[in-house]
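This is the structure, below, for whatever I ask next.
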Amino acid sequence: MFILTQKISQIVGGLFISDADLIVDKILKKSLELHQIELSAPEAVEIRRKAVEKMTGATLDGLRAYVIDAESSSRRNIENMIGAVQVPVGVAGPLKVSGEYADGEFLVPLATTEGALVASVNRGCKAITAAGGTSVRIFNDEMTRAPVFAVEDVREAQNVVAWVKQPENFVKLQRATKETTTHGELLRVDPYVVADNVFLRFAFDTKDALGMNMVTIATDRLADVIVEELNIRLVALSGNLCIDKKPAAINLIEGRGKNVVAETSIPRSIIEQELKTTPEGMCDVHYRKNVLGSIKAASLGFNAHAANVVAAIFIATGQDAAHVVEASTAITSLSLRGEELYASVSIPSLLVGTVGGGTTVKTQKECLSIMGVAGGGEPPGAHARKFAEIVCSAVLAGEINLIAALAARHLARAHAALGR
Amino acid sequence: MFILTQKISQIVGGLFISDADLIVDKILKKSLELHQIELSAPEAVEIRRKAVEKMTGATLDGLRAYVIDAESSSRRNIENMIGAVQVPVGVAGPLKVSGEYADGEFLVPLATTEGALVASVNRGCKAITAAGGTSVRIFNDEMTRAPVFAVEDVREAQNVVAWVKQPENFVKLQRATKETTTHGELLRVDPYVVADNVFLRFAFDTKDALGMNMVTIATDRLADVIVEELNIRLVALSGNLCIDKKPAAINLIEGRGKNVVAETSIPRSIIEQELKTTPEGMCDVHYRKNVLGSIKAASLGFNAHAANVVAAIFIATGQDAAHVVEASTAITSLSLRGEELYASVSIPSLLVGTVGGGTTVKTQKECLSIMGVAGGGEPPGAHARKFAEIVCSAVLAGEINLIAALAARHLARAHAALGR
Amino acid sequence: MFILTQKISQIVGGLFISDADLIVDKILKKSLELHQIELSAPEAVEIRRKAVEKMTGATLDGLRAYVIDAESSSRRNIENMIGAVQVPVGVAGPLKVSGEYADGEFLVPLATTEGALVASVNRGCKAITAAGGTSVRIFNDEMTRAPVFAVEDVREAQNVVAWVKQPENFVKLQRATKETTTHGELLRVDPYVVADNVFLRFAFDTKDALGMNMVTIATDRLADVIVEELNIRLVALSGNLCIDKKPAAINLIEGRGKNVVAETSIPRSIIEQELKTTPEGMCDVHYRKNVLGSIKAASLGFNAHAANVVAAIFIATGQDAAHVVEASTAITSLSLRGEELYASVSIPSLLVGTVGGGTTVKTQKECLSIMGVAGGGEPPGAHARKFAEIVCSAVLAGEINLIAALAARHLARAHAALGR
Amino acid sequence: MFILTQKISQIVGGLFISDADLIVDKILKKSLELHQIELSAPEAVEIRRKAVEKMTGATLDGLRAYVIDAESSSRRNIENMIGAVQVPVGVAGPLKVSGEYADGEFLVPLATTEGALVASVNRGCKAITAAGGTSVRIFNDEMTRAPVFAVEDVREAQNVVAWVKQPENFVKLQRATKETTTHGELLRVDPYVVADNVFLRFAFDTKDALGMNMVTIATDRLADVIVEELNIRLVALSGNLCIDKKPAAINLIEGRGKNVVAETSIPRSIIEQELKTTPEGMCDVHYRKNVLGSIKAASLGFNAHAANVVAAIFIATGQDAAHVVEASTAITSLSLRGEELYASVSIPSLLVGTVGGGTTVKTQKECLSIMGVAGGGEPPGAHARKFAEIVCSAVLAGEINLIAALAARHLARAHAALGR
């Protein structure tokens, strides 16, 4: 940290303070825009921050105190950077996970400002781990992008659908995909017709990357092929049938990213000791709240607070935080199996990656390394899958705890004690 | 930052290094749990971080370099704190907003690791501001919490509903609310019956606070009143009809938090110059993608990427990131008005606050102060409402830019240039 | 029937056959349209039927054999009438119902061509009645119509909402309603804003009538008042927020027509003897099929086959068959209560009437009279409510039987034996 | 009809009146149940009707006056038959349709008691036919049935999914299907996992039959194969992922039965003359009502009144009236193409058949014959597909007329004149 503080001083010093002020001045006079500063990233950050302070009267010395690499972030993660916000990170666990990729006990980093969340997941982890851990499997693993094309009429729509269904054309599309990416692989194309539009939902294997950009670039190429072959008009590279960052049944049903199910079976004794309630009490809360309440709310999410856990892990590990939307459609299920509580969480659209994007930022990468999933896996895809198994298990921990807490009517008291 | 580094050294030093190591050792041997460290918060953070490093082999020196107040965060925001993750912040704007609370030009801080997002909002801001800015209004402002009660049969359900609808009983509930909060105010109770359950959806005015904890605590008290008066069983303080952090029609229809609509009208010339496309092209993309695509996806969100903008602002300003889920149901609407493009975004469930929770964290508070909305407003509620007006306007900026970019088929290229 | 046949012959005879042929000829030559025949209704029906036979080569002597009043139906129910289709009617029951309006044992008429349906409801009735019958209550009773108005901007939208919320303006609207209907009564107005539109959802008490036309006519008048007072543009008398005959969450959540819940509690012995299965088996089927299956299908209906029962009763009794859509969102719930199976059906949008529309047709009126609900009740509304209580109870009977049959894996065999 | 009346008298006479009365008496004394009458069907109908009259005090002479074949209906369509209800039938058209199966002008029979409906469709037909008719295509044609199986854990779920995806196992399932049906053909199996359940969505080609029973029987056989091969437990033959008669996104997205799109393009002059409005006015109503209104209602149906038209055709032609639910999710789309209005209706789940079930009833068969689609087609499936093309086109006619009427604010007046 000392080194950083020094570096910034040196750099800004290197400009001569008057130079920096001059640029700030230009910004204030609107003769220069924030993104037009042609300096090294740390210098530009400093100048922008100063300009923003002057323009708004705010004091931003906290934002300034970052240790992440401004150069790298300015290239990959952000524009008009003025610093970094710091989100406190806590750990829950150990959580025993038995998946195909994750096998062992894991600590789960959670970045959140919502008091009681880490404690909640932690207590769930304790109960689960005491009971032998979670079992978890991934049932699909596909990243989708669905451009929309305008057609003249239903006849043309029919032609497009027929063309896409021809195996030889699919091979053509696979080949075109390979021109744009070495990692990504086209798995399927599903055509959907609405009015005078054909939506082609392309599904790709993107290995350890979330793959949003990979599939967007590949789809751009595929759209070219389609337009050329079929002489139809591309309306938009994303036609909202992908569908990205909007809650939607298509992702709940067909999945997007990882479709994961985690389960555990907890004996009555552990529920009574660790969670201070009973399996019956938890099933009752689950059915009336998660099932009947969500039904009456006409919700696409049938869980207690999956989004909380996902959001906290996503922010800690540099995932795209807007993908919390997809994960929030998780389906929690509780039932009695003799003297045990069988509990599971099904997340049909868990969108995670361990390479690219925010996962390259220093602190986020560190959080991934806590779970042993930083960077690319071996074989490719193994890290992202391992990570997905841990996330789904952690969500299950959060569910079990909150349902138990509600059953024991502890919620309000917990918040009163730990919260704001 | 220097001061902080020093402080940590002193503190840890104060323990004698051997003491710290001893505690770490106990954790590794599982004779002590992470949350059982009885030291000052910064000391405990250091020890936990070390323990996590030892347990996982990870190096976490980035997480350690925080400037936020560990003492305060450990009390309000997080448990088992091991440090902080740093999310780069960029600014978009200025964005001219004309609301009832926000009036003027604003810079919007966005914390994200998704390249191209800030640039996207920024370009939208430029077009909107050049066109005279947004107009924005809040149509409802209510925080809800809906406990679920079990009843014996439909007759009892009928009694509960009748009791709740009696004006004198509502007064009783308002009075009970006041026992738990000075700021919060009970506005309405809506009863819903499903099978042998009655859900009571309480709606509160929570002023500048998001109010989740405020309404949970108040509802705990109200549940006591109900149970006592009607002799029914409380199943759960939250019955998922609130509904929190799950995508659901009830919030889309009836709203939760702020129900905001922002609009703007952009002349053809600005669209051509700034956005390199036409009003007709944008309407075409909007209708086929945001409308028909979302319909076919059976989505509850009819927008291009509202969640992106909301997530980035929420993380920057210490909002509850899981509430991105609610905001993702935004409805974007584009239409031609003569030679102008009329564009609007309706967000029925925008959940924001400027006091409490993550808004008290140093860097997050700084981001709020960039928009002049840190802390409580005058009159109470004015800051949260001003903030909501700015957020909705910024989402509109993001929508306009992305739709324009798709219309101009710039998406893939933008990602290729700015993204991963 | 003999009388009818004779009457037709006489009438057509009265024209002189050659006259009838002449008209048919004109229709075939397209110099006369089907709706332009200026004769008595039965004559016109005959001529149209003949024309259709000639135009299509079909023989329609079954359609001709009707006993309903062509004159009345041509005035109220149908245009271009060519006869009547005959739907076989069976009865299920007796079904013991204990509601606020229906109290006793009822036979339920079902018009269907789907083999096994009547038998299914019948078996359910038997089990329920043996167990003491259903308890049933109506929680809301409101018919809605929601016109959409275009506004200039958010400010105007705010004005409209404010105007509507003023108590004195609501009185104005109630008064205007009274100008158009003696039976109907305006209960509430709920404003919803989306983009540059305000939807006003008017809710009416329509007594024994379904009330679609009553509320449409009233809303036409109310729209005039709104337009005059606020100088905004009416876009459409129905803005799809009513919402009529489309599956939608707003009706599931807030209800439309009658919001009814029926329940029963069946001892294990009856389930074993009558239904050849166990309470546990039925709960298992319910949870995995009605709950998890419907969740994964992203359904708005959480039942086994409510629509079947509703459709059959609706056709038998002259209801609007398209309103089966609303009823199909029924929520079935099963749970164990000691040695009893507690079962309920919640139908938030049951749209029924006993006066007007199809209820005036001879055979349909007869079916209503089987349940003692033909025509207006005393007090007004009592018949429609009694009817709603019976329908909801009959749906419960159908649910119990099908779930039991599935649990006993009888479904396929029942179809093989009774079906096509 | 004369013959029928006579026949009934003879039959009942044949019993000696006293015999009939004796049986009625037994029913009233509950020593005999309605379904236990061991006589010919017409006799049993008479006796049941009499018994119901005595039990309820109702007079049912209209129900008695049927011409359909009681013997056949009692075998296939109904149990406990007491007669038939008569629904008036009107015709709309001619409607010019240009599909792959339907090609020419068609009269469309509509059985309804809702005044104005036939007139509405008729006016739409007129405008469309004047403009050259509809174009229509079927994009999928699959009947589905999805049993649900309980599994022990996620590992077993994974095994089931893997087994199902093996091509050789699919061949096994196809072979098993053939053992139960000569017409039906297994096309696909899609596995879905939720918690400890695997749903297998089987899709069949059922040719001219709706095929509900065919696929239920086939699925019963397939379930046996699965259970035997994989040793898992069948919970229910239908696991609500089919999904039948419940509004659900899976059918909207993936389709069930026929997935049909019909379109037309109407010149401004025809809209002005026939529909008394403008293309712009209709697009405005469409966007604000069908799109924004349905969005805000959180509807799965984006149309004006598709269910009305479908219900009336379904009742006229002996379809399963409860399948109106699926069709109600139709997506209407209107847009300007130069001086023409382009209009389309997409119905992803149109469930129709021309053989079996209610299509065999005399009057219903007659209605099918009006469109030339009674009985099996050549090649098999051709009649059901032709019928689907006509239905979708008729829905389009209804949409165009209602949207135009709303645009011209004629709705209330039309109802006042034609309705109740």
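Miscellaneous remarks
As written, the chains take the letters A, B, C and D, and residue 1 is the first residue of each chain.
Here is the rule we go by: a contact is a pair of C-beta atoms (placed from the backbone, for glycine too) under 8 Å apart; a residue touches a chain by one contact, two chains touch by 3 or more.
Note that this is a predicted model, so its numbers are computed, not measured.
In summary, the chains found to touch both chain B and chain C are A, D.
Note on interfaces A-D and A-C: more C-beta pairs are in contact across A-D.
Taken over every residue number at the interface, the positions common to chain B and chain D amount to over half, indicating a same-residue contact. Our note on geometry: chain C versus chain D, Cα centroid distance of 16 Å, whole angstroms.
Chain A and chain C have centres, each the mean of its CA atoms, that are 45 Å apart.
Chain centres here are Cα means. That of chain A falls 42 Å from that of chain D.
Residues of chain A found to touch two or more other chains are 192, 194-195, 249-250, 252-253, 292, 295-298, 300, 302, 331, 333, 335. Within the complex formed with chain D, the residues of chain A that make contact are 135-137, 139, 153-155, 157-158, 161, 192-196, 249-250, 252-254, 259, 261-263, 298, 331, 333, 335, 342, 344, 346. Residues of chain D that touch chain B in their complex: 249, 252-253, 287, 291-292, 295-298, 300, 302, 331, 333, 335.
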